[in-house]
Every structure is written in structure tokens, then in C-alpha cells.
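Chain naming follows the written order as A, B, C and D, and within any one chain the residues start at number 1.
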Amino acid sequence: MIETLELAAIPAEDEALRPEIRGFLAEKLRGLPADRRARSWLGFDAEFSRALAGRGWLGLTLPAEYGGAGRSQFARFVLSEELLAAGAPVSAHWIADRQSAPLILKYGTESQRGFYLPRICRAEAFFCIGMSEPNSGSDLASIRSNAQPREAGGWLLNGSKIWTTNAHRSHYMIALVRTSGSPADRHQGLSQLIVDLSLPGVSIRPITDLAGDAHFSEVFFDNVELAADALIGQEGNGWQQVNAELAFERSGPERLYSSMVLVQCWLDYCRGAKIDDDATRTALGAILAHLSTLRAMSLAVARKLAQGQSPALEAALVKDMGTELEQRIPDLIAQALGRFPDRPVPSELLRTLAYLEQMGPSFSLRGGTREILRGIIARGLGLR
Amino acid sequence: MDSLFGDAARRLLAETFAPQVLDMAERGELPGQAWQTVEESGFLDALVPEQSGGAGLRLPDVLPLALEAGACGIGMPLVQTLLARAWLDAAGQAHPDGPIALAAFGVAAGDEHIEARAVPGALAAQWVLAAAGDDVLLLSAQDAVRTRTEGHGNLDADLRWPAGAGTRFSCSGAASGADKAGAILAAMQAAACSALMAGAMQRVLVLTTEYAGQRTQFGKPIGRFQAIQQQLSVMAEYVWDAHMAAQLAFQSEGWRPQLMLAALGKARTSSAAPIVADIAHAVHGAIGITEEYALQRCTRRLREWRRAAGAETYWAGLIGADALAAECSALDYIRQSLSAVIA
Amino acid sequence: MIETLELAAIPAEDEALRPEIRGFLAEKLRGLPADRRARSWLGFDAEFSRALAGRGWLGLTLPAEYGGAGRSQFARFVLSEELLAAGAPVSAHWIADRQSAPLILKYGTESQRGFYLPRICRAEAFFCIGMSEPNSGSDLASIRSNAQPREAGGWLLNGSKIWTTNAHRSHYMIALVRTSGSPADRHQGLSQLIVDLSLPGVSIRPITDLAGDAHFSEVFFDNVELAADALIGQEGNGWQQVNAELAFERSGPERLYSSMVLVQCWLDYCRGAKIDDDATRTALGAILAHLSTLRAMSLAVARKLAQGQSPALEAALVKDMGTELEQRIPDLIAQALGRFPDRPVPSELLRTLAYLEQMGPSFSLRGGTREILRGIIARGLGLR
Amino acid sequence: MDSLFGDAARRLLAETFAPQVLDMAERGELPGQAWQTVEESGFLDALVPEQSGGAGLRLPDVLPLALEAGACGIGMPLVQTLLARAWLDAAGQAHPDGPIALAAFGVAAGDEHIEARAVPGALAAQWVLAAAGDDVLLLSAQDAVRTRTEGHGNLDADLRWPAGAGTRFSCSGAASGADKAGAILAAMQAAACSALMAGAMQRVLVLTTEYAGQRTQFGKPIGRFQAIQQQLSVMAEYVWDAHMAAQLAFQSEGWRPQLMLAALGKARTSSAAPIVADIAHAVHGAIGITEEYALQRCTRRLREWRRAAGAETYWAGLIGADALAAECSALDYIRQSLSAVIA
């Protein structure tokens, strides 16, 4: 039986970061309408990321020797929650900061660390993750992109990746590719390579999404020559590394706040229009109450991370429930607003609502579908 | 019910409103050619009496057309135009050419301005039939100051005219309740949205089952996984239920939707819409989020039509209030107020 | 792709049954509190069943030659809906009337029909269904009860059945047992036998349920000697017959009205106490609207039955959604009542609510679990 | 939090409240011996200050006991008695012996009678602490005319006393809002029910996963079927969430629950309770419906505690109204009003 999570408090020194971050955001986001801010971690703004880096807020948990701030997981929690609740456009550096940097720190050579981490902290290296392929979504074992060892050393990369967030505006991709064997070998023979996306043979086709944005891409590799140190971690160990990486991906507060700009926008409207009916009160209270328990659970996961544990199961559980709430919030708000069709609703609120209704389904695709997360939980329950 | 009319209407809409045509409308340009084709087909006058030059059909007869408009994801107010023309004829008014949007809620006729908020499909309309207090106004959509209400691909708009604009139909003579002008327009919009949603959901079910049968993961089509099968079964249930709700919303001896049946239709289809859309996207994964794949237009419309003219909460509330005020049993209320079969 | 259902009207001559039934029920159920009526098709009252039979309302769709009324499926729909909405205690004859009689009519010999059907129509033969066994629930292929041919002719029955509704107060059981082969043969070698429960070697242990009632039992067969004509239908054809029978079971309006007494009791309370708040209105309207579409779907299934079709898929779909609504209704009413804890709620309503909250889960166990019904639908969608 | 106190309390409750003892209570007989055992353990005075002879613990310290009372399915007002004793001590009153039920809602003190409706656990109580307007009454449950409110196995009752019965504590001096007598008793009942439900849900999860691992269908344990695994995972999520909600409801520097945290706890656990109960029964099948199997006591209690003193709709509405009236952002409202960690 899996243990339930215990309440964890944010240490005072980490909580102390909050006013400074708020001041920064109030200035940087001034005038940005809610429906733009609702994009948050799909909002790409390299300049904003550099400004954050200028404040020392990229690589917050990385060691100082690599340009990081050496702060705790709780500090990172406070920063993330302020950025996401405000709807800051964090997409440019988000993956590098959240996934790539910890991966490089854990599995990289000293020279890889020394090269990439300071650049990530300075917002000079944006990363994307190459996992899905046209014929493999959640089923990563079926990956066909492959890198052959070159005689001169290094690798020759061929194949393609799809649904890669920000590929067309990132500097590097950490790609999961086959370096030996065939798809029949399943998870054996997969490795992670860092691909400089400016190399010859790399071509990128952005894909327009249903909201009219192009946040993901298809990436083609045609005999791309990579140096030997493109390999990150151990050859053939890519599957294990990816799962460790996904645990980072799943444990952050971004699995909670994707609809927070909408909640705030709706709350502002209700207060401004003096709306205080029963349907509104109940929906608002239900949303806030659930956000509160999920936030507490997310903090408990952060504590486990801070203690050096790998709370993969707990992270999967919090993520699955968190994305479900994120997806449910637009629906609850649509119900509350739709209760009173004669009341005029500001366009900004309707745009924000419509955007999140449409993008909501993607919240449970990133980092493992619902079925996969529930499979992880079922394993934790001893059922498989 | 698979009448000749239904078959012909379905074929015409599917041919006329190709994705490129719908894209054009979503960019805010009226697809004049497509509209002209439909106009010439006579379908737009289906509900207008024969003596006024229409086909004199009853509401249930045009359900196949409305379902197909939903299945195609047509955002312009086509079904609404059929209803609006019948309304105008009943009011003794010849109808103008071009698409007519309905503004059943959110209209404020003040001393300086007439304002209509979040009018469904207004960006693709030439006219707006609006309920303002006891009266109804026929306004030129293109003369209005129009502000797009929502985001990408949406056709709703806030509209503003100077006071006194348009043609005013005084309806204050009408009795109370369901016969009030506002209630009639609301029932028209609710019935239209019911059928549009039911049609869109059927399309979404087809797209999703086909995709689940083709897409392979872990060595077999994803439709073979029990978790996916269970979700698709639930989706099918909601789609069937929505189809039944739309049929009920379209039961009428004439052209005019009955208020409580329209309420039932809008309440049920609006409840189903987000569930169906969410399952469809969950099964499709990333490809469902792309603009080029057909799913997104249907699901976007589902969410728009669900929010248009009151969500399920409003319409269920209306039914609940009516049932509380009635004196019959729950079963009889269902049998008498929420059921009908027009032979 | 499966076709959606088309609206069907109840013919006037069947609709005309309604006032007569209502008059009868008004008299018979006078004074029976709602929490007793909420038991409806678990409410056992042999006298009530005999009174119904006296009016000619048992075996309504059976041919007149066997004592039936030769009426249509729509007549049966009207009768069933009136009985269930009123919460009449129909359990004594329900299974015989709904499942056993059509089964015997379809598969029985002329002599079996002549013997059992008139008795069913006179409420002199109550039936139960022996399917589940201690180690087989939904997995009927694993059935271990077996009947061996006797040298003198007939069968020797051994084994046991469990969760058999009304076994301890029925005259006959239609049991699915193995007559050849072993569980490894799966659905081969199963047959249906009519077991006279008064025979030597039959023992029955009622099982108390969570509401304190004993509506189901465990039944033991210890060398029960059955005559040759205990076999109903074809030997070895039991699995096919059972599935045909379950289609009857799934297609009735009882998959809709299990919580109807509660709805009415709540509605009466709200009207009496002049409760007209937003939460109540919305919940009531949502319940009535969904009951209405499901009723229309159920009528469409009745039409298909009347036309001689076997709408197994449609019945599964309507049943799955119907039981879900039946189960959801107590929850919705609990939410609406629980919105205003200061309002006094009559005990009768609370008892009815509590009973249905607790028994609700059983609605989706009878006649195939949710997973099984959804499997049938998935097959209809072409997925398996 | 796995303190010595917690371990000891858990062990004592599990040993003392065996199923037969609970059955006795559900038949309306007070299990005097069991109560005596708990009384002698001192646990009932855990929240009473040391100077009054209690253990002087804070609310979060007694959470393990409350969770265990829920896991055992104890319907008599045990956790409520801990809180009532602390309340009485704070009011300067020595507490009476025996179980004390809380009547936070539905109390009417008229000219002839005092009536308390649907008091949770009243049939297994000797006393009732009731909020009546601005005052609180301590009444003898056994002197009341008691009418069982619900059905089989339920311990709630409607109670009636003659006017003037019991001891009246005048609390009208108290400030407003959360410090009103009614709000304090409501918060006590809400917090108690939160922990009871969270504990019961943990038990239900254990029972259900164990059953799914043992019960074989179609040749393998049902827990190996993807559809069952998905349901159990959802159940686990709600159980964890409920546990967190109960922890939050029990955060207090003293014995007294904070109103908004108690509201959060009751809202979340009440939402989870029917979902968890329904999944548990769906997985268990017929055996879960039997009286002799342990599941039904836990799920019955879950539904009772969910309905007791306002369902999730009431408590969410309270939070929503408070948040609308506040001036801070949604995030700050969550951080400041709906979060707390007592070191």
C-alpha cells in the first residue's frame, strides 16, 4: 500500500523570495491581457527569460559552480507558482530549467555540465525534448530515429521527431534515439543525445495548433553528424534516463496552475460585477478548495525531492489529479457563467475561457497520458 | 426520418461547406458563393409556409439538415437563418437575404445604443434578430460596430448600433411565459444549438473510433485497449443521448420549437458536449490539437454552442423551476412536458 | 458505426392502460412509505403479484393460449414504468415475467410452455436465475455446478449458486450449469436447467444485505435428481441462451426508474416546503431532462423489440447510461439537500435517500457489470 | 505525525471497537464497556488543557485517532466528544461522562420545544452540544424524544426536548463570523467528519486493492484488468486528496478548528466520499452489498458523514462567498485562508 503524503511547509527563507518575484512580474507583465497570459508555459518570450536569468532565477536549484543559485526545491516551488499563477511567458527556458538541466547535472560529464548549465542559467541555451515520433506516441520503445557510430567518432543521426514543443525556437534538443538493436528490442538500445539544432541536416516544420499558435514542431534529421560528446549519460540507458527525467517533469507545480489565470480573471469579473450567486459561490469554492489540497500535495512532493527521494509514484498521482482539475476548471467556470446568459461577460474573460477549453485536453498529454500515469499508480498499489 | 429532404440537405451542406470555405468564414469573410448555393437550393426557406414561397416543412423535417450543419462544423448561423425566416414570416415580414444570427440574450436597448453581447455566429451574419425586452429587433449585422468576443476561429461578436437602428416588432401583446418574444428566440437558439451539437458529436464519434482503429501503440490499435474501449463506449452513450435530445428539441407541429423541449435539448446536449470533446481529444492525443486535423473544428464548435444562449445550468434550471411549479408527478412531467413524438 | 435511435411513440391503445394501472396502484400502495416503495423491484410481495395477475397484468406480452394477454412491448413498457415509478413491490414475479417466461416461450418444448407459462401468468410460479457461483461472477464460463445424465434418464445436479435474487422464496430456478466438459471448455457444454426448488437435495441460505434485507441467497445442490424435461432449450447451448435472456433483462425500463420514488419524494418535499432555490432547480431539471432522453431511448428499444429485432447493443447502451443516472440521482439529491443544512428534511426522504445511496452500486451489477456492457458497446463500435 | 499518541490511539480503537461492538451501537445500545475502556485510556480528554486534567494536546496531534475512528467505521460521536470536551472546558464547564454528539445545524429552540434534526450519531450519544441561535445548549440525549432519522445501521436521530431543557451557554458576546457559536460547532463537526471520512476512505482503498488482488475472473485477478486498475488509481487519488484535506482541517495552534480550513476539509472529503464508495462497490461486486462483509460499514459511514452538517455544496459555497468578499488574489486566498502547517 502506498503511503499518503504529509503536509510540508515552505521554509521562511524560500517564502521570502515571493515579494521580489511579484514586483518583477508586476512590471514585466503589465498590460498583457489574460488570454495571452493564459498561455503561460506555452508563451515564448526569450527576452522575458533573459530578464529572469538576469535576476538569478534560472537554474535556481543548480549548484553555484554551474551558474545556478543553489537554492532548494521549495524556492523553485515558490518561483514556479508565482510565474504560473501570473501567467508569465516562461516557455522559452522552461524545459531547459525543469528537465534538461537536472538531467545534465545527473548524467552529464563534467565538461557537458560546464558547457550547458551556465548557458541554461543565462537563458542562452533553450532546450526541447525529442521523444514522440510519427508512429510512436506514448510507446517510446517503438522509436525508429537512430544514431549510428561514425568511424571518425561521434554519431550519424537519421529519423524524425514530432510534437516537439519549441523545436523551432530552441538551441538544443535532447533526443531519445536508437543507438543499437531494433524496435523489437523494446527499451534496450535507446540513448539520449544532445542535438545542436543549428547543425546541417536538421530541418524543422512548425505545426499550427487549434488556437492558431505554433508551439510544437516536426523535426527531421538527415545524416546529421554529431560529435561523440553528444551522448548524454550511458549508451543504451536512454529509457531509464527518460523515466527519471519524466519524474522531474511530473513533479512541478505546473501540474496545477495551467488554468489559474482564468480563475483569477473570473474572480476579478465576479468581484467587479458584484456577482455573488449560489452557483458562482459553489463553483469558486470547489475550485479553490481543490487547488489547495493539490498544492499541499505538490509541496509534499517538493519536500521529498528536497530530501533526495524520487517520488515518481507520488508525482504521477498529483499530476493526474492536477491535470484533471486544470481541465475541469474551464468547464466549471463555463457552467457558472452559462447559468446567467443575460449577464454581459467581458471579452477578455471569454477569450481566456475559450483558449483553456480548447487547450485543456493537451494538459493530460504532456509527460505521459492519463492511462500511463494511472498505470504507474496501479503498480504502486501492487496491482501489476 | 431519412427523408429525401434530409438526404439532399446533407449532401448539399457537405459539398458546399468544405473546410476551406469554413476557414474563410472563420477569418471573418462571408463565404458568399457557398451561401448563394444554399440560398438557391431553397433549403433556407424550408420552414417558411408554402403560401409565402417556402417549402412549408415542419421543424422535425429539417432536423437532418441541422445535424449535418453540426457535423460539418458550420459556424455561420445557417440553422438559425431557417428559423429566423420562419419567425419573420409569422411576423408578417419578408426576410432579407443573407445569414441571420439570433440574439436571444444579452441585448440592451438603451437611450444611446443598442448593444448585443456575445452573439453566436455574428461575424458571419448579415443580420441579427434580437430579443429586446418585449420586442424583437431586426438589425443589420454589418452596420454594427463589431468586436470579436472570443479567440481563434470563433465567430461570436459584441455588436453595437445607435439607438433606433433596425426594424422593431412590437410583441408586447403576446401572452406570458413561453410565448414572450425573448422565450421564443431563446427556444429557437436552444433547439438550433441542440441539433448542431448532436450532429457535431456524431462526427466526433466517427472520427475518434476511426482513429482508434488505425492508430497503433504498443503493438496494436489503441482501440483494442480496454481503457480506450471504455472511454469510447461512454462517448457513444452521450452521442446517442444527445441525438435523442435533439430529436425531442425538434418535435413541433409547426416551425416553432416548444420551449421546454428546446430546454431539454439544450440542457442534455450542452452536458454531453464537453464530455464528448474531452474523450475525443484524450483518445486522439497530439494530432487532435493541430489546426489541420478535422477534430478541432468540431470540438471548438461544441464548446461554443454549449456556451451559446445559456449552458446546461441555465436550461436545467428553467426545467426545474417549471417542474416545481407544476402539479403533476415527476413521471407525468417527463411524459407531458419533456416528451413528444410528431407523427 | 452503430445507428442512433429514433423516437418512438407509445400507441394509443397501450397508453390507454395507464389510468387503470394507476387506479389499481393507488389503492394497493396506499400508506406504504417511500423508503419501502424505493425497494420496488427488490420488494417481495406475493399477494401483490397475485393481485396483478388477477388483473391480467402478468405475462402481458405472452400469447393468450398460455394465459398471457398477447399485448405489445409498448403495453409492457407502460405497465413497467407505472409499477416502478410508483415503487410497487414487484420482485416476486418480476424475473419470471421479464426473463423466464420469454425464455421458456422461445426455447421450451410445448409441454414446458404449457406447464410453466400459465403458472407464471397466475403468479403461482416465481422464478430465480442461477448464474453466479462463489468463484465466478461475470465470468460465466468458469461455472462448476454440473448436471450428469442419470441412467434412469434425467439429471443429477451438484454444485452451488450465489447472489441468487429471491432463491429462498421462489418456486423455480433456471440454472446455468455444466452438462459436459470442464471449465477449460469455456462456453461449451453449459446448459440451462429448470430446478424445482422444493426438491430433496436443494438447500438455500439467505444472505443479508447492507440494508438489512435478505433479497439474495446462496443455493446448494447435493445430488438433486431432476427429470429429463428439466433441460430447457438445447443441451450445450446454455451460453447462447443466457445471452439472449440477458438482452431481455437489459432492455426494460427498470434500467431507469430505480431512483424514481426518491425523485418523487424529493419533489413533493420541495413543493411542500416551497423550496425553489437555484441548486434545487438545476439539479431537478438535470435529473428530469436526462430521465426524459433515456426514457425516449428505452421506448426506441421497445419498438425494436416490438418489431422482432434483438437490440442487444442498444439495450446495453441504454442500460449502462440508465443505471449510471439511477446511481447518480441520490448523489445529486444529497448535494442539493446538503446545500442547506439548516433546513429540516423529513425522515421519510432521508431514509429513502440513504437506502438508494447504499443500494445504488448494485444497480450496475445486475445483468452485467459496467465493464461488460461497455465491452458490448465497444464491439458494436467495431473496436473488438 | 506517527507519534506515540497516534500509535497508541490507533491500537486502542481497533481493539476496542470490534465489529460486534459497532453492531451493538447500531442497534441502538450504547456499548458501555468499550466506551469505558476509551474513557479510562484518557484519550477523550486529549484536547482538554493539562490544568483541567486533560492531555493538553493540539488539534493536529489527535488526527491519527480521528482517522482511525473513521477507518473502524465508528458511528458513535467519539471524535466529536474530544472536541466537545475541549469546548466545554473553554466555556468553563466540566464535561459530563459519555459520548457527546454535536448539533451544529437544524436546531430550533421554540417556546414549547427544543428540536434538533438529523443529529449525527445521536442514537449512540448521551449528550448533545447544540448551537441554538447565538447560544449553545448542552442537552441530555437520553432525555430526548428520539426518532431514528434514517434506516438500517444509521445512528442519526431527530431529538425533541421541552423548552428550557439542558444547560444554556450564552455566547452572544462573541464577535461575528467564524467566532459565532454556530460557526464554531459547525467547524468542529466539519473537521471531525473530514478526518473520519479520510480514515474510512483509506480503509476502503485497502479493502478494495486487497480484494482486487485476490478475486479471480476470466483467469486472472481482476486487479490485472486495465479498466479496474484505472478505477483503483482514481480511487487512490481521491483517498490521498482526502487525507491531505483532513490534515489541513486539523491544522490549529490549539484545540479549535479554523473555520475555513474545516470548510476545505469537509468540502473535499465530502466530494471524494461518494466517488470512493462507488468505485469500491463496483470493484467488489455482490459481496460488497452483503452485511457481513466489512466494506458496507465504511461506505455507509462515508455517505452519512458526507451528508452530516452540510455536504460539499454548503462548504464550498461558504469558501466561495469568503473568497468573493476577500480582496486578495486567488493564489493568495489559497495560501492564506486555505493552507496552514502547524510545526
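In this text, contacts are C-beta pairs under 8 Å (C-beta built on N, C-alpha and C of every residue); 3 or more make two chains touch, one makes a residue touch a chain.
A quick map from chain label to UniProt name: A, B, C, D = Acyl-CoA dehydrogenase family protein.
The model shown is predicted, which means the values in this text are computed figures rather than measured ones.
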| item | value |
| --- | --- |
| Interface with more contacting C-beta pairs, comparing B-C to C-D | B-C |
| Gap in Å, rounded to a whole number, between the CA centres of subunit D and subunit B | 48 |
| Rounded Å distance between subunit A and subunit D, as computed from the means of their C-alpha atoms | 39 |
| Whole-Å gap between the CA centroids of subunit C and subunit D | 37 |
| Residue numbers of subunit D (touch at least two other chains) | 225-228, 230, 312-313, 317 |
| Contacts with two or more other chains, residues of subunit A listed in rising order | 278-279, 282, 339, 371, 374 |
| Chain-level touch network, classified as line, ring, star, complete or other | complete |
| Subunit A residues touching subunit B - in the complex, by the definition given at the top | 35, 132, 135-139, 142, 162-163, 207-212, 216, 279, 327, 331, 334-345, 347, 350-351, 354-355, 357-362, 364-365, 369-371, 374 |
| Residues of subunit B that touch subunit C when the two form their complex | 1, 202, 205-206, 209, 212-213, 223-224, 226, 228-230, 232-234, 236-237, 239-241, 243-245, 247-248, 251, 263-264, 267-268, 271, 312-313, 315-324, 329-331, 333-334, 338-339, 341, 343 |
| Of all residues in subunit A, those that touch subunit C in their complex | 277-279, 282, 339 |
| Contact set on subunit B toward subunit A in their complex | 104-106, 108, 115, 117-118, 147-154, 156, 158, 215-219, 225, 227-228, 270, 274, 277-278, 281-282, 285-286, 288-292, 296, 299-300, 303-304, 306-307, 309-314, 317 |
| Complex contact set, residues of subunit A against subunit D | 1-2, 4-9, 81-82, 85, 260, 263-264, 267, 270-271, 275-276, 278, 280-286, 288-297, 300, 317, 320-321, 371, 373-375, 377-378, 380-384 |
